[in-house]
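Next come two complexes, and both contain chain A; in the first it sits with chain B, in the second with chain C.
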Partner chain A sequence: MTLKLFTLLLEAALSTLGISLVSIAIGFVIAMLLSAGMQSGKSIYILPARLFISFFRGVPLLVQLLLIYTLLPVIGINVPGIVAAIVGLSLCTAAYQAENLRGGFEGVPRGLIEAADVAGFSATQTFLRIRAPIALRLTFPALVNEAIMILKSSSLVSVVGIIELTKMAQDLASSTYLPLPIFASAALIYFVINSVIALLGRYAEKSLKGATA
Partner chain B sequence: MMFDPQVIIDKLPEIGSGLFVTLWLWIAGVLGGVIAGFIVATARRFGGLAVNAVLGAVVEVLRGTPFLIQIFLLYYGGPFVGLMLDPIPCGLIGLSVYSAAYYSEVFRAGYASVPVGHVEAAECLGMTRLQTISRIQIPEMALIVLPPSVNLAIILLKESAVLSIITVPELTATVSAIGSQQYAFLEAIFVLAVTYWIIVELTDRLGRQAEKRLSRLRFSKA
Partner chain C sequence: MLKRQFMKAAAVGAMLLATSLSAHADDILAKVKAAGVLKVGTETAFAPFDFIDAGEHKGLNVDFFAELGKDLGVKIEWVELPWDSVLPSLEAGKFDIVAGPATITKARIARYRMTAPIAEASVAILKKAGDSSITKPADIAGKAVGVGKATAQLEQLKEYSAKLPEKVNIKEYVSFNDAYADLAAGRIVAVANSLPNIAFVAKQRNGAFEVVTPSFGAKTYFGFIGTKDDDHKTLVDYVDNEIIAMKKDGRLAKLQEKWFGTSFDTPDSVPNPEF
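So, the complex of A and B:
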């Protein structure tokens, strides 16, 4: 295990980080839409949202990735592997984030919403100024957890050929016959990244509390 | 590409055997994880500072790294330290160890949820530590521990699909092999998605029923 090998792993870790962050961000936008659909009270929005959430939480991510890789070309859409990987991760995390958001919105005290009504806030104002900020604060720890989960899950996109940390480790392990140190180093890199995210998350949570309390 | 259900019907025996491997690996992995996780949580609670710190670090590493990397480490790295494992035992050990880390956290939270007063009361009554754990702490934490345990079991079912990568002949491996041999990718993916989805939904429902029954049992006693 040389420094050069470790540097290669670190470079690949950047793709892991990039893929994960982009997927979390896109997933968050989709989750907001899903959660809006669930709260709309109209079954044409609620049913598809429920089906989406149930499907993407009920099927292994590996199968979802295979699904996207297999089906997109079949219906004539040829996208680069990286796009398909991000689509897969985003849809999967959207389902989990939507569930978290639902919990967050349910946690907003009714009294605050009623107070906003009494104060003459419109529904949009209540949403933007009262419900959304409080729900986001409540779901923030879950969002950090989800980021860590997705970072770990992104190792699966190695299966479909994207060069990220796991795929790089696999390639190096088979070309150098040093699987033990290489996979251990990859594990270490994942662990360090996840620990940093967890620490940043806890720090942000504290300052978030300070800002709104 | 058209959907041809005949491919699925012709291959039902193979799909069934893959499903069987998935199911028993999953159940054995969850049981292994529950038992090991309970032992780890108990050792961390009663074993003193050093034990708590060491086990805590191991748990953090297992929770902070992808399951796939752990499996690669065990499967490809194991032989270099004299640990030669066939895919199935490797998958079973991997799944148990990975789930033990998460289950230990579930039980840790469970232990923390039991009011200190109850434990002290048991001590005052002259119960031994073992009696306190088995008669006071375990029954009291059962209801707290059940929902996250079911969730975790569902996550582990889905993680078990990863074992297809080290050629464990479970559902995902079997069905995707059929898919590529027969050029029936659509059918294969359909079978995989629907089968996992059904098992997950069933488990979820069973879990919720168990929760209801347990809470009724508990409050009727009180």
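So, the complex of A and C:
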């Protein structure tokens, strides 16, 4: 396997990484909104949030991507492949992250909230200063896990015309007839990226613990 | 009563949809010229028409549309998708035309507007070199044969299989490249695909594979695919004329020679397919 082939794989890995990180970030914002909706106690927020979560957690990502790419144009929204890829991944991960956050918020000790109430904290203050930081800390390992899952799931976005690491590896393997070294290299690149994410995650988790201890 | 209201609502909905659709109506060729870009959809796992050679998109289609782009004065933008999503994406307006190309079949010309043929597409068998158990197409009876999912070759193979004394064990693949890989790995004994494709594969992997002649089934041709709607008519007409023009001045034969190692005599218009 030549250096040129490996460089091509690395270039494709960059688009895998870029799409995944952007989607994780957008997904996190949506997940926070969903989570806030679920905790609002008002059914006009809870029901749509539940529907969103069940839909995007219940339908395979591949089907979601194809829906966004080929069905939205029917109602006049013709999104390019890259947008379809990011929207699909973001909505899917948002549903999972919202469930993780729910677990985190449920894990906040009741006593702390009551104490805050007694100390005269407003609901917003309690949320921002006590519940959110603790929930986030509890959710963090799951969030890192989700980032790794999305990075691997991003191999599906080739169905909307995006060349990412897996598609590039397939194309190169079929034109060079060197499937073994090429797929092994692709596996190595995925492994290295995900290890770095896991390490950064552990580091961030430690400093989060320090900050809220 | 309720039913009537529902029907009314449905009628209004349909009218709204129809008007919003016709509001978009516009001549695609004019749009392409104005934008200076022709968007062409294809899959890149169909050598020698479209494939990735060490990261570069190459093949007869790339050369053909480069010529067409020159003549039309526009840039060509490729949208590369797995074959499964190429036709739905054409209907969704993701690109202007499909370079596919696809075998011209009855079902396809019923739904799409296909261009004049660019090559012959009759189906033949590719086997592992030195496999003496397959010397003629009929020898695949009862054996595991790979073919592309949702392809015309699959239809031809099914029809052919039904005529054999023992049915062929047909394995469907998302891309033909996977089928060739399984042939090399010995999971299947043959791949059924159009003659130009397997001739190219046999040439590329010198010594590993062999083509089993003659081809079987109906004589078929490859054409590019456009939609049947009025917006696309002028564009598909243009591509049609370009194919005829390139056939007349010998450019098409040269491309076929370059990519298949042989040139084909193809009809000037879409032939009436047998199946």
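Before moving on, here are some points about what is shown:
The rule we apply is simple: the second predicted complex is superposed on the first by the 213 of 213 C-alpha atoms of A that agree within 3 Å, B and C clash if a C-alpha of one lies under 4 Å from a C-alpha of the other, contacts with A are read in each partner's own complex, and residues count from 1 in each chain.
To be clear about the criterion, contacts are C-beta pairs under 8 Å (C-beta built on N, C-alpha and C of every residue); 3 or more make two chains touch, one makes a residue touch a chain.
Bear in mind the structure is a predicted one, so any value in this text is a computation, not a measurement.
Once the two complexes are laid over each other on the shared chain, residue contacts for A:70 go to chain B and to chain C alike.
Judged by the touch definition given at the top, the superposed model places A:39 against neither chain B nor chain C.
When chain A is checked against chain B and against chain C, the one touching more of its residues turns out to be B.
Judged by the touch definition given at the top, the superposed model places A:145 against neither chain B nor chain C. Contacts of A:8 after superposition: chain C is touched, whereas chain B is not reached. In the superposition on chain A, A:168 makes contact with chain C only, while chain B stays out of contact range. Of the residues of chain A, those at positions 66, 70-71, 74, 158-159, 170, 173, 179 touch chain B in one of the two structures and chain C in the other. Residues of chain A that touch chain C in their complex: 4-5, 8, 66, 69-74, 76, 78, 81, 158-161, 163, 168, 170-177, 179.
Considering their complex, residues 1, 60-61, 64-70, 72-73, 76-77, 80-81, 157-162, 164-165, 172, 176, 179, 185-186, 189, 192-193, 196-197, 200-201 of chain B touch chain A. For chain A in complex with chain B, the residues that touch the partner chain are 54-55, 57-64, 66-67, 70-71, 74, 148, 152-156, 158-159, 166, 169-170, 173, 179-180, 183-184, 186-187, 190-191, 194-195.
If you check the complex, the residues on chain C that touch chain A are 20, 24, 44-45, 47, 51-55, 79-82, 84-85, 88-89, 91-94, 175, 177, 180-181, 204-205.
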